[in-house]
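There are two complexes below, and they share chain A, which is joined by chain B in the first and by chain C in the second.
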Partner chain A sequence: MRRTHIAALAVPLTVSLALTACGGGPTSAGGKLSGNKIVLAVLNDQSGVYADVSGKNSVEAVKMAVEDFKAKYGAKAVTKDIEVVSADHQNKPDVANSKAQELYDRQGADAIFDVPTSSAALAVATVAAQKKKLYFNITGATTDLTGKSCNKYTYHYAYDSYMLAHGTGTTVTEQGGKNWYIVYPDYAFGQDMQKQFGTAITAAGGSVAAKDPTPFPNDNFSTFLLKAPNLNPKPDVLGAMQAGGDLINLVKQYNEFKLRDKGIKLSVGLMFITDIHSLGPDAFAGTDFTDAWYWNMDQRARAWADKFYQRTHVRPSFANAANYSAAMQYLEAVQRAGTDASDAVTKQLDGHSFDDVFARNAKIRGEDHRVIHDVYLAEVKPSSEVKEDWDYEKILKTIPADQAFRPVADSAAAGCHLG
Partner chain B sequence: MRGHGMKRWGILLGLVVALALPWLVYPPIALDIAVWALLAISVDLLLGFTGLLSFGHAAFWGTAAYATGLVALHTGAPFPVAVIAGAVTAGLLAAPIGYLSVKRTGIYFAMVTLAFAQMVYFIANQWRSLTGGENGLQGIPRDLFGVDLSDPFYFYYAALPLVLLGVFAAWRIVRSPFGRVLVAIRDNPARARALGYPVERYKLLVFVLSATLAGLAGGLHAVGHGFASMDDVHWTTSGQAVLMVVLGGIGTLWGSVIGAALVVQLEDVLATAGFDGTGIVTGAVFVLVVLLFRRGIWGTAAMWLPRARRLPALSRLARRGPGATPSAPAPEALVKKGA
Partner chain C sequence: MANFVQQCFNGLVSGAFLALLALGLSVIFGMLGVVNFAHGAFYMLGAFGAYVLLTNAGVNFWLALAAVPVALAVFGCLLERAFIHRLAALDPLYNFLLTFGIALVLQDLVKREYGVTSRPYPPPAELNHPIDLGLFNYPGYQVFVLAASAAACAAVWYLLTRTRVGVVVRAATERPELTRALGINVGAWVTPVFGFGAGLAGLAGVLAAPMRAVNPLMGADLIITVFAVVVIGGLGSIVGSVVAGFGIGVATALCNLYVPALSQTLVFVFMAAVLLWRPAGLFGREEARV
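For the complex of A and B:
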């Protein structure tokens, strides 16, 4: 009887010892390039709500960046061996976290791109800091990435809640939309947006007549929409902070209640061109929002969008273009550094100013790793003005880079001190 | 006596697999399998052995995840202490929820537990200063008296004893006289009551125990990943746990482990498979298993083994097979009882 007990203990112990002897744990490689190649990893949602906005088309955009980089440098390129890998995090932060570790450790990824959904975005930032590998977040909206969760290896591209709120809030107020009625979904992003819009509107000389949280998810907004025209003072603008399916419901009902005819314009906190595409431009016509980039905003953007269209048969969202730009800037920094060692690359990135197809008048801020660039206040065209597929936006105003994003001092106050 | 020896070797085999797991699969995934298995086992304790379908275990898993994270972040306690604190919190939360829920059975019990879990979800969503809202509670440390556990490979071995403790507890519960009474309550509550057993008190106790085990798993998941998020308290987490139990086999305990391994691996493989329909695949697997293996993977294997008795090599195993827990109920039996 006792013998069996001892055997019961001995066998697993022996096995585990034998296995431990085989090695394991992380290994590191020397040389100029880790693994003698550069591996770019796109980690995003390829099957859920963000699949259309970014998803597989962003993987394609990163591949385009690799091709353009090779074409630009030819034989002088730091390496010809550049690989693009991708994974679908299904919008689950725990999957994102495990996959990020796996991409860095097992697939030899030198940099991870994209990562929508703020909990997933922040979870990957922790992994990047731990593994000392680069991470360019594109589609996460949380300012925590350049605030309390900022770190030496994480960069934040394209947009965040501050940029959306200040872009739309300030500009629309300055253009005459003085009184606002804000409806926001009752979760962290919505509450954040509501606060930031409030600050921006007041600073621009407007006022918030009322603000109401809406349940999330929600398909009936009639109580809020019926209330809007009877508020005192009567609001000029309805500020909707909803996203995705909720936004679509709200916009449909806004149209049914004919609020535009009653003198209440619609401004949306966060909207992607794919939202307009799915509901048709007429549903959104006249809606103002802040866009990080628009494919048809000038010749340069359009030329790139044409190349993108040939490969994917859709027009790029700003997320696609930002992924392209981030991958390109990363490769350029590796080229300048002559190595993919993370610390050498961050030295090349920090403080770097550039201008590319996505980011105009751009600068990578060394202080908080926010990548700043011009952003745009856009209005959705009615279908009568739409000349071709995906031609949905009219750029009303360019918001210069240094006004569009959160000032460095505010990032520092939020807990980011990178130097 | 010989049958007893077989069982021991079965457990031994399980231990070897548990120890070798991070060599076979990617270590963070190995940890996921272990903690999800424990969650599924805690659900099976109620579903398979007491006949209660809990659709709200995310509440306990998630509450423990947040509690563990907060303890680890604010006190700097070593991770096992934080995890146990999380498990205790889940157990405490389960007392009032269980007290109110066990008065109902079947589908009503499932709905009441779901309702409570949704309440916990909305509280977690609103209490942003504590939980971080949908940004999650990030950067949970995994401290163990200064030992560096940042490598998930080593963390797996640090966490494994706690998981095994939980599995052992579940195994002891179902094999104790208390566990026998639970099975009696599952099969015929009126008769159990007539025999003098306080049915509701038994149910409440097993509910709290189950929630504590779910909490243990949730806390380890939070420490393992370094964060707790709204996903942890979302109803899909409860659904996933029930899915694992049904896939593996209701009322078998070990089946839950198989189910967890299958679902976690599937999720992991599909993430890099470049295939759009992750949900379609998981759903199809579920439908197939339910149609072809009514008793789940483990339950079906355990049922087929006695039929293979004529094969000499298997006959010994069959006599006291690994799934020898008496009469795992078929799913439809549970639903009927709920009516």
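For the complex of A and C:
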């Protein structure tokens, strides 16, 4: 088999190239690109709870990046042969692990994008380090990607639990929400968020009156919602760290128990615009949260969102926009390097400053591979202020890139030493 | 004290769904000997039925509450005639697999049409306010859910124990050969009973729509707990399913209050214990088909 594959390499046509890249061996003599082309792979949840947040629409966003890259460089582009492939990891770390190997080895992927769910995100980071291939995590939240699990080939692009906690926790506490009651799902993401929020709230002069782990998945949050007003001291804010269906359950029941009328505001740790869309803005109206990007935040974002809308008929989540941006920055780095060899590309990426439709005032930190950029404190509008479909957010404040993310020293303290 | 009573009340509300679903599952198992894996999907279809009626035709909650269970009962009858019926003579394993497959197909069809994100469904305006229960205030809608579920369970119990139809169905469930020997056409009851079970799941689904996330996976998330409830109550036992449904709801809520970490596994701990000490379930009879 291998012989026929090698023979096929000699054929100048690009047919069946996905197979010829098998084995991950060195590229054909003299070629600057492995397999004579660039392969971008999107590995994410295409059927489960995060499918609407990122999923197939992020594959579309990466394709948009490829088209825009080709249009920008035309004949000067490092290659015209850029392929986008994708796979469904079902949010399972074991599936993510084997799919990532398959993408790198058999499909010739030069870089993997997206990968929601922290456990799966970390699994792929390990594969990327072993294969010495690039990996841009977009939708994973864990700070371990830029802490104890960081490596030379892994970049963390859009957000993380530190940025969410410090954006929302700090601001809401400073605005007077001093006492918090935190409910978090009892798994890695929830525990991490709970810890990060606790630190941020205390640092801002507030306190966590109580915190409770909730079952996952869970459809009845009454226990916790009834407990909240009876706590001593009575909390000002209910901090919900749930995601997906659990978050929807919790918010529906929060509204039923009329906790807002009892003086307990709702603050959501991780919210995607699809969550607001699914319940309608009134269910969340007045809720503050940290957003990495919002499609209607300015003309530049909106213009891109319009193009996206034409292809998908929905407005982009920040995950979609970040996938576009990461793919674009990767292709730009390959263009500057003149090759897709991983080590040459990381040299172009590390320390690079840029500003694009998603990442404003952005910099790729060489020290821990955290991509820093401006993030936003947003509030959900009541439906009376909503002027069009998906127009749900009001940006209250821009948190500058250098304050939004965990400082380099803390990443180093957490075990990341990239140089 | 008030806190304790409140938690018990929460548990009863959670239990209301478990009881309705377990009841349908149990009736179906009793009559057909089929463990219906598609039950969670029926529940999900119930919630989506209410959602589709509201968004596409403006049909309100009360009408949906009446129409959707009937529609699901009809759908259940069709499924039984078209598929399940054909495998009835074979090893029950075939119908396990069939209903499991049906559940996946239904789930994916809904997913294809509506995606995985939850759909909005507001509680009916009449009930969207707290009701004073003496010791505490409780969301009106949840009080209604509890009352509706209790009424449905009581009605099913009455139907099965106090009417002629019920006598025939119970006899056919427990001693099919003997019932047949008495000149009763047992086969004729199989389809309506399956439809009836599906209708109960649909009812639970409509009741769930205003207070829970309406998405294609809502049934799959719940069905495992429901199976555990049915095992605890005793497969095929009507009273057992209802008592176990409400009981597990309350036990889980109290566990949430005192030992949150255990609450998720509690139902399975109970199940394991019941299987060890009373393999036929709390209310099941030893000779029941298992």
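Methods note: the second predicted complex is superposed on the first by the 389 of 419 C-alpha atoms of A that agree within 3 Å, B and C clash if a C-alpha of one lies under 4 Å from a C-alpha of the other, contacts with A are read in each partner's own complex, and residues count from 1 in each chain.
As a working rule, a contact is a pair of C-beta atoms (placed from the backbone, for glycine too) under 8 Å apart; a residue touches a chain by one contact, two chains touch by 3 or more.
Quick caveat, the model's predicted, so the values are computed rather than measured.
Engineer: Is A:D186 touching anything from chain B or chain C once the two structures are fitted on A? First, second, both or neither.
Structural biologist: A:D186 contacts both chain B and chain C.
Engineer: Tell me the contact category for A:D212 with respect to chain B and chain C: first, second, both or neither.
Structural biologist: Touch status of A:D212: second partner only.
Engineer: Between chain B (first) and chain C (second), which, if any, makes contact with A:G74: first, second, both or neither?
Structural biologist: It touches nothing on chain B or chain C.
Engineer: Which partner does A:G419 contact after superposing on A: first (chain B), second (chain C), both, neither?
Structural biologist: A:G419 sits against neither chain B nor chain C.
Engineer: Once chain A of both complexes is superposed, is A:A51 in touch with chain B (first), chain C (second), both, or neither?
Structural biologist: A:A51: touches chain B and chain C.
Engineer: On chain A, what residues does chain B touch that chain C touches as well?
Structural biologist: Dual-contact residues (chain A): 47, 51, 186.
Engineer: Of all residues in chain A, which touch chain B in the complex?
Structural biologist: Checking each residue of chain A against chain B gives 4, 7-8, 11-12, 15-16, 19, 22, 24-26, 46-47, 51, 85-90, 92-95, 97-99, 101-102, 106, 118-119, 122-123, 125-126, 130, 142, 144, 149, 186-189, 191.
Engineer: Give every residue of chain C touching chain A within the complex, in rising order.
Structural biologist: 3, 6-7, 10, 13-14, 111, 115-120, 123, 128, 130, 136, 139, 141-142, 210-213, 215, 217-218, 221-222, 253, 256-257, 260-261, 263-264
Engineer: For the complex, give me every residue of chain B touching chain A.
Structural biologist: Against chain A, the touching part of chain B is residues 5, 8, 11-12, 15-16, 19-20, 23, 26, 28-29, 32, 125-126, 128, 132-136, 138-139, 150-154, 221, 225-227, 229-231, 267-268, 270-272, 274, 276-279.
Engineer: For the complex, which residues does chain A have touching chain C?
Structural biologist: Chain A residues touching chain C: 47-49, 51-53, 186, 212-220, 222-224, 226-227, 230, 245-246, 248-249, 252-253, 256-258, 274-275, 277-280, 283.
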